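Below, chain A partners chain B and then partners chain C, in two separate complexes.
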Partner chain A sequence: MKILVMVKQVPDAENVELDPQTGNIRRDGAERMLNPYCEFALQAAVSLREEGDEVVVVTMGPRSAEEALRYCLERGADRAYLLTDKDFAGSDAWATATVLSRFLQLHEPDHDIVLTGRQAIDGDTGQVPAELAVISGLEPFYHVRSVSKQDGMWRVTQDYGDEVRELMISGSCVLSIASGSLEPKVPSMVDVQEAQGKPLKVLDRESLDLKKSEAGLAGSRTRVVKIVNQVHTRASQKLQGTPAEMADGILQAGGWI
Partner chain B sequence: MSGSNCSTCSSRGTCDIKDDDSSCSTGTCSGGVRLPPGITSVYDLDKDVERGTMVWAEVEGEGDEARVSVASLEAISQAASLGDERVFAVMMGPANHRRLADPMFEFGADTVYHVRGQGVESFHALSYAQSISEIIDRVKPAAFLCAATPRGRELAPCLAAKRGCGLTADCTGLRVDGPGLQMIRPAFGGNVLANVVCHTLPQMATLRPGAFPLPDPQTGRKGTVMTWTYRPQPSASRILSVLNEPSSYDEGSEVLVSLGAGMCSEDDIKTAEILASLLGGSVSCSRAVVEQGFMTADRQVGQSGRVVRPRVYLAFGISGALQHRVGMSDSQFIIAVNSDAEAPIHAMADISVVADGRLVMQAMIDRLRKR
Partner chain C sequence: MGIEPVRAIRVPSVPFQGIKKWGGTRDSLPHTFLTDESKLSGHAKEIYFPSDESQLATLLRHLNRTGGHATISGMRTGVVGGAVPQGGSVICMENMDSLIGLGKDQQGYFVRVQPNMTLRSLQRILRQRYSSLPALQPGVGEEMDAQGPFFYPVDPTEQNGSLGGNVAANSSGARSFRYGPTRDWVRRLRVMLPNGDILDIVRGEHGFQGRECKVVTEDDVIHLRLPSYDFNRGVKNSAGLYCHEDMDLIDLFIGSEGTLGVITEIDLRLMPSYPVLSILVFFPDDGKALSFVADLRLSSSIRPDLIEYFDEAALGLIRDVKAKGGLRKLPCPPSYAGSAVFLDLPAGAEDISSVLESIRPLLRMHGGSPERSWCLHDRRGREMLRDFRHSIPETIFQHVGGLKGKNPGIHKMGTDVSVPDAAFPEMMEYYAQTLRSKGLRWVTFGHVGDNHPHVEVILHDMDDFRKAKDACQVFAHKAVQLGGSPSAEHGIGKLKREYLPLLYGSQGCKELQALKRSVDPNGVLNRGNLMEW
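Our next item is the complex of A and B:
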C-alpha cells in the first residue's frame, strides 16, 4: 500500500518577527517549520502504515523546503519528493493543485490514499486539498478527525462542527486532516541517522511536463493586487483602580451590567 | 421565442426551468425548450451576460428546525450591496424547504434556485458543486460567494477546481472595482490585508462568517423560486452514521473566558468556568495551558488550535504571542487582563487591565452574583 502525504513548509509563527515598516512576516532568515496540520497528516499516514506499506511525502516549495521533508523522513516517512522550480513561485491554490496533481499522475499514479493538512498556517486557504482532488479525479473529504483501515476500506470520521460523520471509503481519495497530536514524536538518534539514507528526489517544472503558463504566478487564477497594513484600531482603553472597580469596568464594557 | 432576456435566469428566451409554484416573471420563457449545449455561445447569444452574483445558501438543522444559516444571509446581503445586479441564491433541500426562500428575499436575493431530489439533504461537496456549476452555466453570474463555514470551505474549492476558477478564501471585505471585484482578506495573522482579484468568471470568494454584519431585513420583499433537479455524483463513500450534536467545544460561543500561562492551575480553570457560566460563555486557553496538560487541545485558541470570533474575548494571563493572536484577533471585543504591562495582548485589546487576573476574575464573579 502506498500512502501519499502532501506537506508544506511555513514560517514558524512562534518565533517570527514582523517588519515594523510593512507589517509583513520577515521571511528572510525567519525560522521555518513543517505546517502543524501537515504534521497531523504525517501522523495519520504513519499510523495507517502496516508491514510492507510505504509513506511518501511530497512538498512544493523553495530548496529550503527540503528541511521539512527531512523532518518527515525522521518521523516515519519512507521517501520524499521536492517539487521546486523558480517558475513555481507565486502559485495560488489552483496553480499549486495543478502542479501536485501532475506530479501524482506522472510519478506516483498507484497511490492508495492521499493525505493533506487542513490548511497551511501562512496562507490559511484550505483550498489545495479539494482542488488537487478535483483536478486529479479523486474525491475530497474535509475536516477529517481520524482515519483507519477496515475491511480493505478507509474508515473516516469527519467533523463539520454541527455534524459528525462516520464513513467507509473504497479506493483512493484525498483526506484533509484536521486534528492530531500536538506533542509530535521526537525522533531517536537512529531515526535521524536512518533518515539520511532515505531517498529524496527533486523534480522541476520540466520533469513534471508543465508549461510555464501552468504554474506559478502565470498559472494562477488569482492575483494579490495590493497589500495594506492593518492598523490596529483597538482602543486599548486602560482600566485602573481596585480589583472590584476594574471588574465593574470590564462588566460594563462587555455590556453585562 | 422572444428576443429579450429572461429577467429571472438571464438566459435569452431559452429558459426551460419548470416550477410548480412560480413562473418566469416576464413570461418570455417558453418552457420545455432546450437548445443544444453551446449553441447560445456559437450564435453569440450569451454575450455580455456575466452579471449578478450567485450565493450558496447553506441550510442548518432539519425538519421544522431547518433554516438558512446566518452566515449565508450575510453573504446574500453582501451580494445585494455590491450593486444593482441580480442576486441569485442556490439552496439544497427537500420540497418543504421552499419557505426558507423568504428570508433570503428579505436580505436581498432576487431569485432562489431550489435544488431538490433524492439524497440532497446529505451534504456532498462534489454533487453540490455539480448542481451549482449547472446553474452557473445557465445564469452566468459575474461572481460566486459562499460563507467560509466548514461546508463552504469544502464546497467552494471543489466548484472552483471544477470550473477552473480562481477563489479567494475567507474574505472580510469586498469592493467593486470597475467590472471586477476586489476581495480583501487578512494575511499573516491579520497584520496585513491582501486585496485579491480573480482572473476568471465567475469571480469566487468565501466570506468569513461575522465579517459582514446583517442589515435589517426588507420585510415582505419577494422574489422568484426556481426548482433545479439534484444529480448526485458517484461517491466512493458510504455514510455509516451521522451524529448531529455540537462538538465538545462551542465554536459559536458569544463569550470566551480564555486562560494563558499566567493563570494556569486547576483552581484557575474552576474559577474561569464559574465566570464563563455567569457570562453565558465557555472557557478556552492558549497553547501553554494545553501543553501543561490542564486543558484538552480542542480548547486551544491560536495557530495550531482554533480560530475564534466571539462577541467578547476575555484574555486572562495571556501574553499575546503572534501564534495566539492569529486565533482570536477577529473577536468583536477584546478584554485583556495581565499583570505584565509589556505583554503584547494589551496593545490589541479594546480594554486593557494591568492587574492580577485572579483578583479581577474573582471580583467579577462576586459582582455578577450580587445582581
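Our next item is the complex of A and C:
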C-alpha cells in the first residue's frame, strides 16, 4: 500500500512578521516549521502503515522546504519529493493543486490514498485538498479525525463538531485531516540518522510536464487584492458599588436596560 | 584597567506624585508582589512602578530621606526569596522592560536592554530581522542580518526570569557547562546606587586596585573595600559577593543580589548561532547514566554544550503528572527508561550522522542505545526538550504551592550544590544516604555536567519540611568541606544566608556587611538579601 502525504512548510507561527504595506506575511529570513495540520496528516499516515506499506511525503515550495521533508522522514515517512521551481512562486490554491495533481499523475499514479492537512496556517484557504481531488478525479473528504483500513476499504471518522460521521470509502481519495495528537512524536537518534539516507527527489516544472502558464502566478486564478489586519480595541470600565449596583452597571453597559 | 576614581552620574529628580504606586495599606497589595518562586511570603507597605531612571532616582532619594527601604522586584522567578519584601516598599521594575538596541564593539555584537526584559523576550527578539530593530550604531542591524542569526548563550531554565534578575543573581543554566554564567556575557551595566546616582560601567574600564576602589558621587566619595576572602571560582558558584584582588568593578555588581545598586541597563554579548542536536538518551538505571556522564566528560572527541541528568524518580514525576492529564504537549518517558541524560551537541546539517556515530560506542558501553533516545534538531523540538527538563522544577513548585494552604510556613526544599569533579561521586552517595536515613522521597535532575544536579525533596507536610531543611544544611556543610559551593546558581537571597558564614567565616561576613554599609549606609536596598540588616 502506498500512502501519499501532501505537506507544506510555513513560517513559524511564533515569529511571524506582517508587511505593514501589503498585509502579507514576510517570508524572508523568517523561521519555518511544518504546518501543524500537515503533522496530523503525517501522524495519520504513519499509524495507517502496516508491514510493507510505504509513506511518501510531497511538498511544493522553495529549496528550504527540504527541511520540512526531512522532518517527516525522521518521523516515519519513507521517501520524499520536493517540487520546486522559480516558476511555481506565487501559486494560489488552484495552481498548487494543479502542480500536486500533475505530480500524482506522472510520478506516483499507483497511490492508494492521499492525505493532506486541513489548511496551511499561513494562507488559511483550506482549498487545496478539494481542488487537488477535483483535478485528479478523486473524491475529497473534509474534517477527518481518523482513518483506518477495514475489509479493503477506508474507515474514516469525520468530526463536524456537533456530529461525528463514520464512513467506509472504497478506492483512493483525498482526506483532509483536521485533528490529531498534540503529544509530539519524538524521533530517536536512529530515526534521525536513517532519515539522512532516505530518498528525497527534487522535481522541477519541466519534469512535471507543466507549461509556465499552468503554475505560479501565471497559473493562479485568484489575486489577493488587499489584506487588512483587523485590530480590535476594547475599552474597559470599572464598576463600583454594591453587587446589585454593579449588576445594574453591567446591564447598562451592555445596553440591556 | 583604570585606577582613577570612578565617577557617578547625577540623575535629576522628578515630581514624586508622577510615580505609579499601589497600596498604602498592607492588605490591599496583591500577594504576587509579596512572594517569588521560593513561595516565601513577605509584606510591604506599597509598590512603586518607576518607568525610567529619573523616577527610580527620585524614589531612592525619598527612601533615604524618610528612613524607608525597598525590595527590588523583577519577574519574581528567584527561588531564594531575593524579591520577597520584609517590610518597607517594593520597587517593581516591570515598566523598564524594553530593548534599547543592538550594538557592536571590537569584541563583537551585543544587545542593550532594560532590566525587566525576560530571557524569553530576548530569545524572541534575536529571532527577528535585526535591521527591523533599534540600533546603537547605524548599519549594525543590516550587518547582523548578513552574518546572523545570533544567540545569547546563557540559558537559565526559567525563561520568564528578567535579565536584570539574571545579572543580580549571576544566573547560569544548562549551557553554563560550556559558556559559563551570566557574568561572562555582561559587557556593560548601568547601576543606580542607593543615593540615586548612576554608575555606567563597561567591562575592562574600571577595576579594583588590590581590594580597593573609589567611587566619586556628586556629594560623597565611596571607598569600596572588598572582603578578604577569595570567591571560589573553581566550581559553579553564586554564594555571596564575587571578590578577588584586582577584579573588575562590574563584577562586584553581578551576583550582588540587588544589595549594592539597582540595574537600569544591561549590555549582553551575543554569539553566532550554529546547528545543534538535542538528544535525550535513556538508561536502565541511575548508576549507568552517571557512569556514562563520567566517561563523556573525559571524552576529547565529544564536546557537548550541556549535560543534564534525570534520575528514575524525576522521570517518574513526569509520568505521574502526565497520567493525571497534565503536561499534554510533552512526550511521556518510555516505560523502559530508568534514567536519562540530556545533551546538546553542535552539528551542522552535513555531519549529523557522524556526530551521532561518535556517541554510539559510549552509549552502548553504559547500557544505553541509539534506539532508546529522543533526538531533535529543529528549534521547536529542541525547545520542547527544554520544557521537558523544566517540567520537573515547575511540577515541584506547583506541588509545594499546593501545600501552603495547610502548611503556611512550607517552601520548596532542594539543593543547589556544586562540587569539584573528583568529589562528585562522594556527594551523590551522601545525598542518597542522608535522605534515605530520614525517610524522605526525592528527585535528582539537572546540571550534572557541572557536578551540580538539583536534589529536590518531595514534601508532604511540615515534618518532611523540617527533615529536608536539616538535610540541606548538612549538604551545604559537606559541599564546603569538599571544596564546593552550597549555592551554585540560585544565590543566597533570604533563604540561604546561613551558608555564608560556612564559606567566609564571621570575619568575611563582617567585611561583607561593611562593604554594603559603605555603599548603602541607610540600608535602602534589598534588606535581608545576603545578610541581615
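As a working rule, the second predicted complex is superposed on the first by the 213 of 257 C-alpha atoms of A that agree within 3 Å, B and C clash if a C-alpha of one lies under 4 Å from a C-alpha of the other, contacts with A are read in each partner's own complex, and residues count from 1 in each chain.
The criterion applied here is as follows: a contact is a pair of C-beta atoms (placed from the backbone, for glycine too) under 8 Å apart; a residue touches a chain by one contact, two chains touch by 3 or more.
All values reported here derive from a predicted model rather than from experimental measurement.
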First, second, both or neither for A:Arg221, with chain B first and chain C second: first
Chain B versus chain C as contact partner of A:Tyr71, first or second or both or neither: second
Which superposed partner A:Ser213 touches (first chain B, second chain C, both, neither): neither
Touching partner for A:Glu31 - first (chain B), second (chain C), both, neither: second
Which of chain B and chain C A:Ser148 touches, first, second, both or neither: neither
Contacts of A:Ile250 with chain B and chain C, given as first, second, both or neither: first
Which of chain B and chain C A:Val190 touches, first, second, both or neither: second
Chain A residues touched by each partner, larger count belonging to chain B or chain C: B
Partner chain in contact with A:Ala93 - chain B first, chain C second, else both or neither: first
Set of chain A residues, in rising order, touched by both chain B and chain C: 14, 182-183
Contact footprint of chain A on chain C as seen in their complex: 124, 127-129, 132, 145, 277, 279, 281, 328-332, 352-353, 356-357, 359, 370-381, 384
Chain A to chain B touching residues, read off their complex: 13-14, 16, 18, 22-25, 36, 92-94, 97, 121-131, 133-135, 139-143, 155-156, 159-171, 173, 176, 179, 182-183, 220-230, 232, 234-239, 242-244, 246-251, 253-254, 256-257
Residues on chain B engaged by chain A in the complex (per definition of touch): 60, 123, 125-126, 129, 149-151, 153-154, 156-158, 160-162, 164-170, 182, 186-200, 235-247, 251, 255, 279, 287, 290-291, 297, 300, 303-304, 312, 314, 321-323, 326, 333-335, 337, 346-356, 359-360, 362-364, 366-368, 371
Complex contacts: residues of chain A adjacent to chain C: 12, 14-15, 17, 26, 28-29, 31, 33, 67, 71, 182-193, 196
